[in-house]
Amino acid sequence: MRLMQRDARKALLVLCLGMLTATPVAAQGEPVVIAGTFDLSGAAADVGKDAFEGAKLAIEIVNGRGGVLGRKLELRHQDNGTNPQKSVDQATAMIRDGAKFLMAPQSSGSAIAVNKAVSGKLKIPTCVSTSTADDITIKDFQPYIFTMSANSYMESRAIATRLAKEPFKRYAVISADYAGGRSGANRFKEFIKELNPNAEIVVEEYPKFGATDYTASINKVLAAKPDYVWSILFGADLITFTKQAQAIGFFEQVNKHFLALYDGNTLKALGDAAVVGTEGWQRVPVNIVSKGAAEGQAYVSGFKAKNGVYPSDWAGLAYDCVMIWAQAVEAAKSIEPDAVMKAIETTEFKSVRGPLKFGAFDHQGEVPVYIGKVVQSKEFGQPLLDIAEIIPGSIARPAEDVVRKLRGN
Amino acid sequence: MSLASPVLEAKGVTKSFGAFTAVRNVSLAVYPQEVVAIIGPNGAGKTTLFDLLTGRKAPDSGEVSLFGRVVTHEPPWRRVHRGLGRSFQVSSVFPTLTALENVQIGILLARKQTFQLFGQASLAHRAQAAALLDQVGLRDRMDRLAGELSYGDQRALELAVALSSRPKVLLLDEPTAGMGGEETDECLSRVKAIAAAESIPVLFIEHDMSVVFSFATRVIVLVAGEVLVNGAPAVVRADERVREAYFGESF
Amino acid sequence: MEHLSWRRALLLVLLGLAAAALVLVVPESRLPAVTRTVMLAGAAMSLNLLIGNAGLVSMGHGLFLGFGAYVVAIGSVKHGLSLSWCIALAISSAVVLAVVSAIIALRARALFFGLLTLALSQVAFVFVARNYALTGGDDGLVGINVPKWLDSDLAQHFVAVGVTTAVCLLLLMILASPFGAILRALRDNPERVASLGGHPKHIEFIAFVIAGILAAIMGVVAAITDQAVEPTLISWTTGATLLVMVALGGRFTFLGPILGVVILETTRTLVQTYSEHSDLVVGLLVMGCALAFPEGIGPSLQGSRLGRWFGGPVHMAEAATPPSTERTAAP
Amino acid sequence: MDGRLILAQVVAGVATGALYFLVASGLTLIWGALGVVNLAHGSFFMLAAFAATTLVHQLGPGLGLLCALVVVPLLVLVFAVALETTLFRRVYVGGIWGQLLLSFGLLLVVNDLVRTGFGAVSRSIVAPDFLQGFVEIFGVRLAKYQLAILATTGLVALYLWHLLARSRTGRLIRAAVDDPAMLGAVGVDVKALRTRVMGIAAVLAGIAGVIAAPRGAVNTTIDVQIVVIAFAVIVIGGLGSVWGALVAALLVGIAEALSTLVIDQGGEVVIFALMALVLFVMPTGFQTIAGRD
């Protein structure tokens, strides 16, 4: 109890200080606080930790360049334990304590909750780095959010666009049984039939999230004799699936016509077990961005220098969140929420993935979807995706009338 | 109620546990004003018979009736409400409640106030509970926790709790077990006085022969799950088979 | 036997007022976390009607908490019902759920009863987490509409405190009533209760249903204060956390569960603010308590002035010597 | 439905069930025989899996896994014995409550330490070359590694049978399961027996952790995942009954695998529905132990 009082008193002090410093005169030279509620423990700890590292690096780099509007950035973060309610509480608390920009939590449930219950309510610019939930920019859109990951509509559309050019007809669909996976699968089914009228879905499998045995799904998919296996498996699920599928010759049977979300961490963990020749898509492929735009090169080399390893996709997305916001602040010449969001809608930004714009009606980052084949890379000492096609966000993104229709207005 | 109709009656009840038959084809009846003792060597099936009479166990065959009504398959709580009270062989009070609270619980249960969610249990039926404790000589210890009472006092409390439902027939499982001579006498005179004052028939299991013959108006001898003899104390005392089967040389 | 006196009721009301007055001490930004703790305290109190008083170790109490919250969320978000309708619907359907699950769960005894409640809550959890159209799946439902007067952290805090205080008063009343006294007696000796004219199963059934409904009411509070629901509320993790909170605070002390909730929830919230090792700190805390106070912290405070606050006139010996055998349901 | 598909699913279910059995058998022993409820039993499994990935990364798939199979269960054994003698021993007196609290805390602590030490990102190791690939029987492809899991589990089960049937410890365990009150009465050193059984249980979970590592991702969610399933298994199988646990583990594994043929979602609901059903029909599981509730 006493502990809590002490904390309360301290927080009260911070609040008072915050109010004092809120006046524009005093603001000069004071650091701008960025709040982040990260999934540092719990189910999404692997993603949360990387996102945290990415955000930290971005702030270091911005501060190295002198900060924004002459003020340094300060990252305040809390661990939400991958719990939506905690995320909301923590984000609310940090914003009320004076934060000017919010990094949304990583897991979709938390990101959705923070979008609705914090960002819109408290009118705080908020960046969703990793969640691909459509709802954030479509149904639950509110003007203070912007997203750094292609949403599930865009990823499915991009992949369907590429696959529709191929002669495959019989598609199998595998996804872990969770809201994002289901919605991605539904979108893919819709798009592939739209773009390739000959396509049919011969089998759909939704094993549980974090399953330990996929033999059942693997056998079922093989029994349906598909031409192509589309999956939205990733992380631990993809590792387990890959090994068990490999063991019974699944990939040979489907001629390696298999696609999954191969992020950098998963490829690294798979190591020698990665199935060369299968396909995947990625959000921030390190082999591409490290050789692309100057921002990308600075990001990869900076991360490698700081942490000794190449960054994962999750780090890149969070890094971009901070960088884009900082550019928006510079463009708006203000940290005021409405000015910043106006800049988000109108500015062309420099991101690690190249020039980037946001939809004015949904604040969806028009980021590309990278699709390629798994190869073993000597240079990076781990398997990578050899990117064969980069589908620009402007092609994959839902058009304004589509978004309005989905929103029901 | 005519003198001829029994308050409690068992007709040919049998209970087996696997291959072992604990009670075999036992018939007995308890009439008003009677004090009936059940005796028999260890393992004769006395407690099982009690369980059949009180409803803790159901017989495999046979019939149990209470005040002329067949209750063979009725659970214990329903028989309580028909007027059957019992005490247990092993002291069975609520150890974390006071003596008074023990009796209060008994009264509340008997009066079907079980599901009353309002009102103060601690204030309910205090006078009546105190009177019952007075009857068993525990008035001065009524605020002590039951678990902290002496063994003899716990047995006395047990009796008070059994009486809390104002039973019309009382079944006591070895009421004096583990007591010293003085305690035994005290306990017996108490039971006698209560039985006489409220004119409650009593059926009790007992090991102590002096108790049985000084107290009971009738004795039932149970051996290996069967009734060997059923009669007046003098008759039982004189019976050859009883001597052989149960009392042995020492009698 | 709990005793209901004006003094104890007044103490509870004062405690409620103190919790409400926290808004003066706690900075506004921390208030939602405090409100959540208050809500959990009410839920833990309802669980302890089963654990401490009926000796029924339920591990699936999250089922009712989550159910109450989800009915409100589905009614409000999916069907646009007004909050009062949602609440009425949540409580009335919680009665049905409590009755049905009581019938199922009370078939098993002791720890099997606990595991059966756990299984029930897990089945419900999987159902909720996989029914995307109805429940939003693992993403949950956000955007529960509340009337304007309720749409502030302050109002929500007062509602949570008010409902929790009311639940505590109700529980005190129930425990002091004949039913409560008999429930305690049943925990100690079900055989004896049966031989005195009480039906053990019926008594446990009523206790289970009351606890379920009260938890669902706290679930409604959770839905109102969070304005969002997510499926872990239903899962065994919530049930187990509440169980640990009750055990930590002391299941034989009337306000023990609140103590447990405050200690665990405050620790976790504070540690999460500064570090990602809340599991480590909370885990060590729980382990330390297990070694120092295996019967919970509440009983060890008995006798002290603080203890009288928390426990009221619970018998010393009762706290010191809990019944040696845990039971969970009568045969 | 294709008969071969069903057969393949059954084999997969049996292999999964075998792992469940290794974890559940230890849990059922310490609970059934000694009345100790250890919520952190899955932590032994997780620790072993992480240790195995480290050894394989250091020594390569073949030697690493072999070493892991020998060394890791021993390490887990030492850890479990240390825990038992320093912590668990102090909370037995108070009944299940101290144990629930202690083991719950332990579960959190171990999980946090593992996340800090090994990282939150999933780890993965490959099986040794000779265990990769599959064999084809009656047109059904069976992964060699799955068969290896079955073989290992079979050996462990045989050893366990030997231990329970022949050794003095085994006789004491069986006696304790039959009549928990008896042990202290006849002068058995219950303290030492508890330590020994906890050790055996940990070794079983350790072996399971090692052999599970190459077949899937290793991360910090597997401790809770396996222990919840193990509890379901021992409830279905009957407390204290190792062979009940075997039957139940296989039943759960097969039901989980076969259910995916009929419903399009994860099998976990099947496990809990099965558990609820069994408890509803037989409120003390398949086998009842007198005096243990």
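A, B, C and D are the chain letters, set down in written order, and residue numbers restart from 1 in every chain.
Here, contacts are C-beta pairs under 8 Å (C-beta built on N, C-alpha and C of every residue); 3 or more make two chains touch, one makes a residue touch a chain.
This structure is a prediction, so every number in the text was calculated from the model and none was measured.
Seen from the C-alpha centroid of subunit C, the farthest chain centroid is that of B. Centre-to-centre separation of subunit C and subunit D, using mean CA positions: 32 Å. Our note on geometry: subunit A versus subunit C, Cα centroid distance of 37 Å, whole angstroms. Centroids built from CA atoms put subunit B at 75 Å from subunit A. Chain contacts: subunit B has no residue touching two or more partner chains. Residues of subunit C in contact with two or more other chains: 130, 277, 279. Multi-chain contact residues of subunit A (touching two or more other chains) are listed as 41, 45, 177, 209.
Here, these are the chain pairs in contact: A-C, A-D, B-C, C-D. Interface residues of subunit D, counted against subunit A in their complex, comprise 2, 5, 8-9, 11-13, 15-16, 19, 112, 115, 119-124, 126-127, 132-134, 141-146, 212, 214-217, 219-222, 225, 256-258, 260-261, 264-268. Listing the residues of subunit B that touch subunit C in their complex gives 54, 56, 75-77, 80-81, 86, 88, 92-98, 101, 104-106, 108-110, 112-122, 124, 145, 147-148, 161, 164-165. Partner subunit C is touched in their complex by these residues of subunit A: 1, 3-5, 7-8, 11-12, 14-15, 38, 40-41, 45, 78-81, 83-86, 88-90, 92-97, 108-109, 112-113, 115-117, 133, 135, 140, 177-180, 182-183, 209.
Across the interface of their complex, subunit A is touched by residues 25-30, 32-33, 36, 130, 132, 136-140, 142-143, 226-228, 230, 232, 262, 266, 268-270, 272-279 of subunit C. Residues of subunit C that touch subunit D in their complex: 104, 107-112, 115-116, 118-120, 122-123, 126-127, 130, 236, 240, 243-244, 247-248, 251, 277, 279-280, 282-291, 294-296, 324-327.
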